[in-house]
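Below are structures written as structure tokens.
Next, two complexes with chain A in common: one pairs it with chain B, the other with chain C.
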Partner chain A sequence: MELSLFAPELIALLGGLVLFAAPILGAGSATTWRLAVLAGSATFAGAVWSLPLSGEAFSPGIYYVDAFSQGVKVVVSLGYLLVVLGAREPVTLKAHAWSELPLFVLLASVGMMMMVSATELLTLYIAMELAAYPVYIAIALHRNPAIGGESSTKYMVQGMMASAVSLYGMSFLYGLAGSTYFEAITGQMGALSSTPLFWFGIILLLAGFLFKLAALPFHFWAPDTYEVSPHEVITFVASVSKVAAIAVLCRIMSLVMPAGMDACSVQNVLMWFAVGAMTLGNLAALRQSDLKRLLGYSAVAHAGYALIGVQAMSANGLTSALFYAVGYAAMSLICFLVVATVGRDQDRVSVEAMSGLWQRSPSMALVFLVGLLGLIGLPPTVGFIGKWFLFSAAIEQGQFVLVLVAAINATIALYYYLLVLRQIYLVDAPTDAAPLRWTPALALSAGVGSIVVVAMGVVPSPIWDQAAAAVATLLH
Partner chain B sequence: MDGLPLLTSILLCPVIGLGLIVLIPGGAARAVRWVSLLSALAATVMSIQLWRGYDAVTGGLQFVERLPWVEAVGISYHLGVDGFGTILVMLNSIVYLTGVLTMWDLTERVKGFFGFMLLLVVGVYGVFMAQDLFFFFFFYEVAVVPMYPLILIWGSGNRDYAAMKLMLFLLAGSALLFPALLAIYHSAGLGTFDMVLLSQHRFDTDVQIFLYPLIYLGFGVLAGMFPVHGWSPTGHVAAPSAVSMLHAGVLMKLGAFGILSVGIRLLPQGAAHWAPTFTVLAAIGIVYGAFVAIRQTDFKFVIGFSSVSHMGIVLLGLNLAALGQAGEDALNGAVFQMFAHGIMTALFFSTVGFIYDRAHSKTIADFGGLGAQMPRAVSIFIVAGLCGAGLPGLASFWAELLVFLAALKTYPLVGVVVIVGLVLTAVYILRVFRDAFFGEANPRWQSLVGLDMAGWQLLPRAILVGVLLFFGFFPRFLLDVIDSTTTSVLARFWMQ
Partner chain C sequence: MTLEMYLLLSAVLFSLGLFAALSQRNLIAVLIGVELMMNAASLNFMAFNRFSVTDPATGQVFVLIIIGLAAAEVAIFLSIILNLYRQRHTIDAESITELRR
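What follows is the complex of A and B.
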């Protein structure tokens, strides 16, 4: 056992202990928050440090550390840090829960970091649940108990159903391969790939991650949960967890890709999920007046875009999906940071609440504009080049019609995003609206997020090359 | 240029301007205006340098810069201009400079306006220079995006509707381009988006025939192609003056330029295959636009539909070039028209905007005898109108002549139809003159007497008029540069 390979997770876990102990020892929420920022920074530093490492952290075959896993961990830990920076005063949570939020979100991040390293079914399952449970709890901490309870229950019931489906799928794989190790499964691919049940198992296994991604057919939670969950928690759910979900989907696809044409059934299913998610998400979003709900449907649509890369089943496809997930996390993060600030006093944030945002805070309006341009898919943001990569990977596989459908979908989406922009820039703010102020931490978080969105759009090669290297190790 | 290549320097002018504007505090409107003006001046000076430096005898792609960008997928930052690019960069600089001058008096949200306007200009320059499909599309979208806020916030009339309609039309066009451009890349199998390398590849005839209409339609939307032109007049009308200038003056040229440099240059056989169909559509566009313009009651709608009609001439020229019989005339004419129409509509909108800002009306019937009250503004409008009608001595004359000759040679019937369009153009232009400018002075506008264009307000209009006259009398300067590239583009049709 090589402990240094487990460093980022270990730092995060230690941080979790500190965050657990601090309130008990009488630390106020401000101190806990500072500790959380510290823990996040340390984890991020650890992840960056561990980037060149590779090997196996525990007994062979369970837990891989490679360019792929560590790259995703860097993103997850940075995402955690930015979310916490933006949640200095998580006002939509109960006051006593202010010092608990960083802990739960950190534990969920650890779960996600473990998910991407897991190469054994049970480890993967446990990591997945570790990533899920803290979020269920955090949502329940809403300042309005009725809303918190309802929203958390909805999310939890659907989440547990999805993970049960995943577990069911794992049982098929175990039954057929006689092992829960990915290596063993790959080793028998020749025999397994001709068994329809194996493919059935793989598709079921994907369920848990499609759920996290809010992709069809496990998307039902997204609009509801986005609408009423505490802003700060949903900021995390809408950004960081998508990267982890896409990463695991890539891992699973890399498992079955050697089967080549036999894997078509999975590819086909995912393609239809992608088409369905894009179309449904965009059409449903057209009719929303609640901004968080609208972004929830937009998340469904973006899950569809990302799946285009996953279903392409090629190195370029997986790379583009990873690249897009990272970019999407940044766009979604900055949008929600602004939404959380604007909607401080409300449980729900309507599109109308954004009226005249440019008058209340021009810089906040600009950040939101950058985020929305990203979601629309316009340059110079990562949304544009990310879609370019995704679509390119699909065209490479001859999926011309799929790309046309996706591009038409992007045009439909334009309509509802533009209506939000219109609200911000054209409609006057209500006269009694208080000016919005940046806290330094929030400004830092939104600033970093915006820079990532634009920088990845203009100079994509560093992240792309990193993602390509990660996928290469995956396919090795 | 201190080592910085010329094209990147031109591109950087508005980029730096934009960066400075973002940093200037919102209240400092004067500083914002001066930054915009200086960046426009710098870009114009460098564009003149580019024109002078372009060697029309050698022709081909010049001022090439190439830098790998995302090597893994074959994207490179590759700039370069041929004869077409050179004159269109010049066109953009002129419209950019005169646009800034036209909007000098703007007082509402000045910082945002010039910021978005400069972003638009960056996109337009980029498209005219890009030699990489990715960057071509990238800049194309950069140019389209700012139109929405520009019309929505600073527009007038039915701006909400116009801005949304424009964006939905244009991005629906992009939805066709997206898969088509990527398909070009993958079917070439060269692993590069470099347009120069791609243009040396011979694409499968079936692929060309399949992809060309997508490219043509996708870019055609922006070129105001009939029947997908609906966004254009409404957009023109609602937009503030400088935005209409850029929109009709250069943005619509991006569409035609896209068809030319992606469609015709990369997929010549596809272009030849579809040319008869699209020729008919272009001819309909010319006549239809002119007919509708006759019936308009609003100044800007007249010009908006005249743009559809005049851009029809560009599209017709491009299609006739693909047919080959009179290819050289047709293509020369089309590109000449892109330049001439750009300057002309800029002049139109600059002047109409001036009148509107003072009279707060764009309804033709409201006026009458305005010539007596605002003689200078009206004279300038008349110059633009006569240019639109194809009067000799003004730049458009040569463009229209070349395309009509080509049309007559290729399809005599189309040539006749197009001449009918020209007559109709004269009808709607002269109608505007009669109803708004001549005849009895309307006492309602007596208050405008002292408000005619004066001093520096004449400057942007004078520049535009000067350009129209100069190339009207000395078309050779323009044609030499254009022709150097036309030959090589047409050679693509013989090669295959």
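What follows is the complex of A and C.
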């Protein structure tokens, strides 16, 4: 057992202890927030430091530390830091919960960091639940208990069902392989791949992560939960957890890829989920007047795009999915940071609330523009180049029809994103609307996010190479 | 009893749980449905552990941890439901429709 390999998670857990103790010892929400930023920075530094490390932190086969896991941990910890920077005064939360929010979000981040390293079913299950429970609670912290209770209940019922389905799938994998270790499962792939029950188990196992991704058929929570969750919580759910979910999907795919043609059933299922998620997300988003709900359906659609890369079942496919997930997290983050600022003291944020945003704060409108261009998929943002990678990975596999469907979907999506842009730039702000101001922390967070979105679009190669190296370690 | 019997039993349990979770209006009943699904998985683990797996410890440890996590889950879910009940005086999923359009 080597603790240095566990450093980022350990730092985050220590930070969690501090954040747990601080309010009890009488620290106000401002102090707790500073501690949370400190914990986030330390975790991020730890993750960057651990980037070149590789090995196994605990007994063999349970917890891999490699380029893949550490790369995703850097993204998750950076995401946590940016979300917390934007959550200085989470007005949509109960006042007494202001100092509790960073703790729950940090614990969920730890769960996600452990999820991408887990290479054993039990570890994966525990990490998955650790990533989920704190978010259930954080959503329920809404200042209006009725709204918080309702959206949290909806999210949690579906989350519990998805994780129970995953668990049921795990039981078959355990029974057939005789072991909970991924290594053992890959080792017996020759015998397992001819068993239909094995593929049934793998598909069920995917459920928990499709839920986190808000992909079909576990997308029902997305619009409701996005609409009324506290802004800061949903910023986290909409950005960081998608990266972790895609990373685990990549890990599971790399597990079954050696089976080659036998893996077609999983590939087929994922392809239909991708098509369904894209189409349903985009069509449903067309008639939304609530901006957060619209972004919720857009998240369903983007889960569909990312699944294109996962179902391609090639090194390029997994790399493009990982790349797109990182890019999507950044786009989604900056959109929600602006939404949270504009609708600061409202439970819901309608599209109309964005009217004349460029008059109220030109820089905020610019950040939102960058985010929306990314979501639409226009250059020079990562939305364009990421989709390009995804589509070319699918074309390599000869899936022209799938790419055509995705392209048609991207065109449909243009319509509702442009409606939002029209509100921002062409409609005048109401006369009583106050100009919006950045706080330094928020500006830093949105600035970093926007730079990531544009930089990954203009010079994709550094992140792409990193993602390709990560996927290469995954596939050995 | 053979392994197949256990697997069949757990499949029935799982289906019943899924049906309850999807169809019941009372949130407590939904919770019971989800618990049934998790118990079906536990039963699978124990059955495989008994009949087909050489290492006898893994499945049992897995089931113990499932029980622990399920308890944590129930605690969180019940506290959220309780909070909801204080506001609405109902835990009927059909009548909690603030969000529905």
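Rule of thumb we're sticking to: the second predicted complex is superposed on the first by the 476 of 476 C-alpha atoms of A that agree within 3 Å, B and C clash if a C-alpha of one lies under 4 Å from a C-alpha of the other, contacts with A are read in each partner's own complex, and residues count from 1 in each chain.
Rule of thumb we're sticking to: a contact is a pair of C-beta atoms (placed from the backbone, for glycine too) under 8 Å apart; a residue touches a chain by one contact, two chains touch by 3 or more.
Just so we're clear, the structure is a prediction, and the values are computed from it rather than from any experiment.
According to the stated criteria, A:Val91 is in contact with first (chain B), second (chain C), both, or neither; which is it?
So A:Val91 meets neither chain B nor chain C here.
In the overlaid three-chain picture, which partner chain does A:Leu414 touch, first (chain B) or second (chain C), both, or neither?
It touches chain B, and chain C stays clear.
With both complexes overlaid on chain A, does A:Ala443 touch chain B (first), chain C (second), both or neither?
Touch status of A:Ala443: no partner.
Have a look at where A:Trp464 lands relative to chain B and chain C in the superposition and call it first, second, both or neither.
In the superposition, A:Trp464 touches chain B alone.
May I ask you to decide whether A:Glu396 touches chain B, chain C, both, or neither, giving the answer as first, second, both or neither?
Only chain B; A:Glu396 stays clear of chain C.
Report for A:Leu53: first if it touches chain B alone, second if chain C alone, otherwise both or neither.
neither
Which residues of chain B touch chain A in the complex?
26, 69-73, 134, 137-139, 141-142, 145, 148-149, 152-153, 160, 164, 167-168, 171-172, 174-176, 178-179, 182-183, 185-186
In their complex, what parts of chain A are in touch with chain C?
Residue list for chain A touching chain C: 121-122, 125-126, 129, 133, 136-137, 140, 145-154, 156-157, 160-161, 164-165, 167-168, 170-172, 174-175, 178-180, 224, 227-228.
Taking the touch rule as given, give the residues of chain C at its contact with chain A in the complex, in rising order.
Those residues of chain C that touch chain A are 10, 14, 17-18, 21, 27, 30-31, 34, 37-38, 40-42, 44-45, 47-48, 52-55, 58-59, 61-62, 65-66, 69, 72-73, 76-77, 80-81, 83-84, 86-88, 93, 96, 98-99.
Name, in rising order, each residue of chain A that touches chain B in their complex.
Touching chain B: residues 316, 362, 373, 378-380, 384-385, 387-389, 391-392, 395-396, 400, 403-404, 407-408, 410-411, 414-415, 418, 421-422, 425-426, 460-461, 464-465, 468 of chain A.
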